[in-house]
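Step one of this worksheet: look at the structure below.
Order as written gives the chain letters A, B, C and D; numbering starts at 1 within each chain.
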Amino acid sequence: MTQPRMPIESGVPDHFQYMHPVMRKNYGQWDWHERPRPGVLHHVAKSGDSVWTVRAGTQRQMDVYTIRKLCDIADQYAEGHVRFTIRSNIEFMVSDEKKVAPLIEALEKNGFPIGGTGNSVSMISHTQGWLHCDIPASDASGAVKSLMDELHHEFTHEEMPNRVRITTSCCQINCGGQGDIAINIQHTKPPKINHDLVANVCERPSVVARCPVAAIRPAMVNGKPSLEVDEKKCICCGACFPPCPPMQINDPEHSKFAIWVGGKNSNARSKPTFHKLVAAGIPNNPPRWPEVGAVVKKILRVYKEDARDWERIGEWVERIGWPRFFELTELPFTKYHVDSWRGARHSLNASAHIRF
Amino acid sequence: MTKKMHDTPMLDQLESGPWPSFVTGLKRLAKDKDMMVDLLGQLEYSYKTRLGYWKGGTASVIGYGGGVIPRFSEVADRFPESKEFHTLRIMPPPGMHYNTDILRKFCDIWEKHGSGLIALHGQSGDIMFQGCTTEKVQEAFDEINELGFDMGGAGPSVRTSMSCVGHARCEHSCYDEGRAHRSVLNNFTDDLHRPALPYKFKFKYSGCANDCMNSIQRSDMAIIGTWRDDIQVKQDEVKKFVKAKGRKYVIDNVVTRCPTQCLSLNDDDTLAIDNRNCVKCMHCINVMTKALSPGKDRGATILVGGKRTLKIGDLMGTVIVPFMKLESDEDFEKLVELGRNIIDFWAENGLEHERCGEMIERIGLANFLEGIGLDIDPAMLANPRTNPFIRMDDWDDEAAKWKARKTG
Amino acid sequence: MTQPRMPIESGVPDHFQYMHPVMRKNYGQWDWHERPRPGVLHHVAKSGDSVWTVRAGTQRQMDVYTIRKLCDIADQYAEGHVRFTIRSNIEFMVSDEKKVAPLIEALEKNGFPIGGTGNSVSMISHTQGWLHCDIPASDASGAVKSLMDELHHEFTHEEMPNRVRITTSCCQINCGGQGDIAINIQHTKPPKINHDLVANVCERPSVVARCPVAAIRPAMVNGKPSLEVDEKKCICCGACFPPCPPMQINDPEHSKFAIWVGGKNSNARSKPTFHKLVAAGIPNNPPRWPEVGAVVKKILRVYKEDARDWERIGEWVERIGWPRFFELTELPFTKYHVDSWRGARHSLNASAHIRF
Amino acid sequence: MTKKMHDTPMLDQLESGPWPSFVTGLKRLAKDKDMMVDLLGQLEYSYKTRLGYWKGGTASVIGYGGGVIPRFSEVADRFPESKEFHTLRIMPPPGMHYNTDILRKFCDIWEKHGSGLIALHGQSGDIMFQGCTTEKVQEAFDEINELGFDMGGAGPSVRTSMSCVGHARCEHSCYDEGRAHRSVLNNFTDDLHRPALPYKFKFKYSGCANDCMNSIQRSDMAIIGTWRDDIQVKQDEVKKFVKAKGRKYVIDNVVTRCPTQCLSLNDDDTLAIDNRNCVKCMHCINVMTKALSPGKDRGATILVGGKRTLKIGDLMGTVIVPFMKLESDEDFEKLVELGRNIIDFWAENGLEHERCGEMIERIGLANFLEGIGLDIDPAMLANPRTNPFIRMDDWDDEAAKWKARKTG
């Protein structure tokens, strides 16, 4: 037997080797930019150099044929360099404005939508779902595809008051993070325990420790060491499931979708904010999740009509107030919107500020 | 009468300076009252040792469980004449209006039965007749009571209440504070006079969001005036104001200060108001008092749970009724009933020494509202929850309730 | 023996019987007001009636001679009616403007300062202290007198950017409430227990329950039931002292003053806010507490210079930022300013918003 | 190669519509790969039953403890060819720049050893080579590694990092994100490849406060560009902008949107900036990209503790270094050292499965700062404490420290 190959612990590779030459040349020396049209950025360096970027949507989970197709386009119409954005959009850089139109044409012909810039709805942050993850209650690829189909116009046009960043998460862990709109699985029933498996599969003390509300107790069931859940305490968060798969939280019926709005990571104008619950109890309905799409589109429509330029969704609601948000979106307001977690008092209206 | 004054070198220093001196007042009383001679002695002793020397105990009047704050001296051996120095808390009229006649009568009674020291007023609003022996408490109270004044609150009870000058002299006032104050409090005299609640419970009444009574933070139930329709604008007065102060002043001090950016100064020096987004904060009205006034459809917002810091940290009152009309007899009855429901629920569910706001923090606002039979409303929130930590398998039922309310 | 007299449970008395007749007549019908000079308000009713109010400071804890003097003035120069404000100022109402000047003269001659209106520093909220309370670590009457002597000019003039409301509290219970500036006792050492007294005076279980951090345990000391305090846990709040006087928290040396700024009850512009710690470790130094006065005056001076019109102290700091507040006031910033209580995360800077 | 496709009526519906379809991609791969035939079968089965069928297990490469996400099918009896479907997480270059050459090489390797499915990129930034048997993991990795790419993070370790396009193409960029990214990460390869920390630890790099990497909320340590001096203004460009857009537009969209009201449009259409109160939020610069730019004295703000929701609720990162220069070699070494100190302290004091932010919440920011040897600063706070619940008998010493720092 040969020596096993030990990894070359090279870490993060050098980016300059792959970077478009104009970007490399003007690294750290950019001056300003403009958006000639949706999906296109024009950056001007202090040296006077320009680079045009064309941004296109992808399905993220790409087969090699799709990637090669994108490479072909890059080689033929761009200058052989691409980059990807945090939202799995692909960007082609060209140093000559004339190359922009043919590039766009090639991309569109091959089914890649051009957009995602400025005040558009960009690609939805994508997680794993049934395709790969071991804990999902829904699918990410399918849900994102369905939603992006519906939001195609909003991706390819810049008609929103400000950019809209949507995230999805296929379990309550929320690998998708905060979003202007976040579409997240919300379990609504405590886990059902498969007692036969607990003894073998779970480290019981660490599962017990994982529960945020101490609802899990070690217990003997049918003479075997297992666990039991205090269903009155359980907040159905699913935290017990990854370390202990027999604590089955996923349920075809009772794992629902919840929709949140007003998450914001940027510091522009207002400080970053977390997203807030606005709708729940939405069925997990593959392959196209029409009920989810309906709520998202309703929120987007109202935002588009009512918000001022540069107002992100959360900033807009902050100005018009939550009562009006629920009125305009016609979403039901329930006791579940009222925070009951630690520090809930910070979310109450501790003022006489009310809009009527 | 004749007791020699103690040396009070530290207190003496408080007789100088432009502000009225309580020491001068105490000394004047000490001329006739040995009790005050020793009180000054004990106070000087506190100043010197930087420690207090009063302890509690019992003192009360027949028929009532509270309202007298008993004070017994721990240094009575040195200062025997002030060994008892109780305070009677007496409820003031709403707005703290008096004529000289009634004030003089108070003075006479207190000169006769007490130390002659009266605090106008305590932080909860009581007239505090301070400095009385156990023996004299009853007589003093009887005479005050005969004047039409009643004992205030102390201990785990409904407490004395305060209302702003409001209707009596303030153009911002959105409801009759005095009427609300008396309607509610005089329905709770039993809970006020016979302490039997988990802890204290305070009502405070402010006629508008300026909250001159600090009600949001210093009362368990705050009744704050507001309105639902449009701000009343006298555009000619706006123009005069702009003319007098200049456009820049108006923009910098009025327009840009609106918390929801709903003001805009038109080119013709009139004011445009996006009333839909006005949160009734009062600022623009405060600045342009002649030109702007609250709307005509007035009432109050009710907030619950304010208190100071111990033991979970300060609490602001938070909205539980966004708007309540306060005009007809029925309106005021509803206000009383709301107070009653809250106090009943809290009396049943509050732990010992747990203020209403602390209970709400413990059980959650939604449960509290359910307990007192109020519907939830987004106006009660700064924002909906930001965490998913909640079991909501009956979402559909809850959503249906909202829809029924909206259509029904 | 005669029957004991039972109280007439008359409750809150009717205010109309004592109210100035012009106020009674125009009850609920006021139109606007102005402030002709500091300490004077002019209110105009819809009927056209006017009432002038002259506001004067008092020592709150008044001897009957002082009250009678005020009554004499009211009878001679006003119209026999007065009211008191929430800040123990007295107000004289007259229906004729001509009466204002003589009234002011009489009040000033008798040592009552005229002011407290508009953008002045009004009377400090007054508590009991050594004069009457059973738990104070300091005196209220003396501290307030000393401070108001120093702030006399600010009471009688309207020179601040907005009104300033100062509160004091002679123990950590804080009967004085929130203030633009709050001057509160802050204990700095755990209570010393007088074990001999505990058995007789304290209901031990309720004292244990009163401690916010569960630092008190029942214990046997010298064979007698007593209590012990976990000094590592104890936050020196003094909550145990009222129900159990042997838990001596007051200390001539270690009960210090702390100063807080930015409390605001009004809803004008910004929502109400709590005051925040800015200075501590200030000696409790009767009879004139000069160190307290120095800090308060420093804060007021900076506020006066730097804030914009209508900005309350908290709103001003919110605009200029806390680093600049500490810079301008030259107050030391310490680790104790960093919240360590429940929900502390809400007080951290969760943004990249920083002023340099 | 020849395995018959399963019926996938539900997935088939995802082939329609204007957005690129992953199903079409999977089907294309299935033409050559039986693994993908069964993968589609299992996925359709998930769609039908609305349940997932993957479980964890072990898969790794020699020399590393993490970076492969092992997936074994629970329905391998029905779909045997995809019974193993592991993912290799591979670290991208900063800014995710590629040329077609390297991408094509990835495709070739993955076509050979894996399923042919590559995700660009994972939410943590990894290139995810998805779908590999246990057997092939090593070979695939070896070839990728030979291209100069290294394994990403998984498990309780330092994780793969992301940095914005920044210096490469963005005029807002306040420091060299790529350099910072590589300097730090490549100093933590051991902690990245051999999971031995309490939990995951993520670094993210954004060149300015727009935070295009979501670093504040999605990383344990966020490095966000900023500046200390004045915003650079080209007043002639301001004038052009005002001319093009109109004064009203500029006032409504720039001036009134500044969070600290430090902008004012002069009468001559130039812009006045109160730089002292500018909080570097980026808004005005975003709107007037040609006229305004960050100042010249640039660097970064460091925030620590961001993460998503379990188990105490979402945490934002909070400031621990208001400003750090990032220019010289020493500056970057200091950044690495800071990361090292934080990770060391957390490794020692964090509980199992406790993120750094959760630890800070538990022990308090002041203790954390002390632990990592940083001085406190008011810029770290939204506001000082509002409660008196703290023992501070060594106030004087702490005050002295501040004074020494200020004078020293």
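Everything below uses one rule, namely that a contact is a pair of C-beta atoms (placed from the backbone, for glycine too) under 8 Å apart; a residue touches a chain by one contact, two chains touch by 3 or more.
Here the structure is a predicted model, which is why all the values come from computation and not from measurement.
Return the chain pair with more inter-chain C-beta contacts, choosing between A-D and A-B.
Comparing A-D with A-B, the pair joined by more C-beta contacts is A-D.
How many angstrom lie between the CA centroids of subunit C and subunit D, rounded to a whole number?
About 48 Å separates the centre of subunit C from that of subunit D.
Would you mind pulling out the distance in Å between where the CA atoms of subunit A average out and where those of subunit D do?
13
Residues of subunit B that contact two or more other chains, please.
Residues 209, 211, 216, 224, 259, 261, 279-281, 309, 313-314, 316, 386-389 of subunit B each touch two or more of the other chains.
Please output the residue numbers of subunit C that touch at least 2 other chains, ranges allowed.
172, 212, 237, 267, 271-272, 274, 341-343, 345-346, 350-353, in rising order.
Which word fits how the chains touch one another: line, ring, star, complete or other?
complete
Looking at the complex, which residues from subunit A come into contact with subunit D?
Touch list, subunit A to subunit D: 4-20, 23-24, 27-28, 30-34, 43, 51, 53, 57-68, 70-71, 74-75, 80-86, 88, 90, 93, 111-113, 125-127, 129-139, 141-142, 145-146, 148-149, 152, 172-178, 206, 209-212, 237, 239, 245, 250, 252-253, 255, 263, 265-272, 274, 284, 286-288, 308-310, 341-343.
Which stretch or stretches of subunit D touch subunit A in the complex?
Listed in rising order, the residues are 10-11, 13-14, 16-23, 25-26, 28-29, 39, 43, 46-47, 49-56, 61-64, 69, 71, 85, 87, 91-104, 106-107, 110-111, 116-121, 123, 125, 130, 138, 141-142, 145-146, 148-151, 161-162, 164-165, 167-171, 173, 176, 178, 181-182, 185-186, 189-190, 192-193, 209-218, 224, 252-253, 257-259, 279-283, 286-287, 289-290, 293, 308-314, 316, 352-353.
Across the complex, what residues on subunit A touch subunit C?
Touching subunit C: residues 267, 271-272, 342-343, 345-346, 350-353 of subunit A.
Using the touch rule from the top, collect the residues of subunit A that touch subunit B in their complex.
172, 184, 186, 188-190, 212-213, 234-237, 254, 256, 258, 260, 262, 274-278, 280-281, 319-326, 332-341, 344-356
Within the complex, which stretch of subunit D touches subunit C?
It is residues 209, 211, 216, 224, 226-229, 259-261, 276-281, 301, 303, 315-319, 322-323, 361, 364-366, 369-370, 376-393, 395-396, 398-403 of subunit D that touch subunit C.
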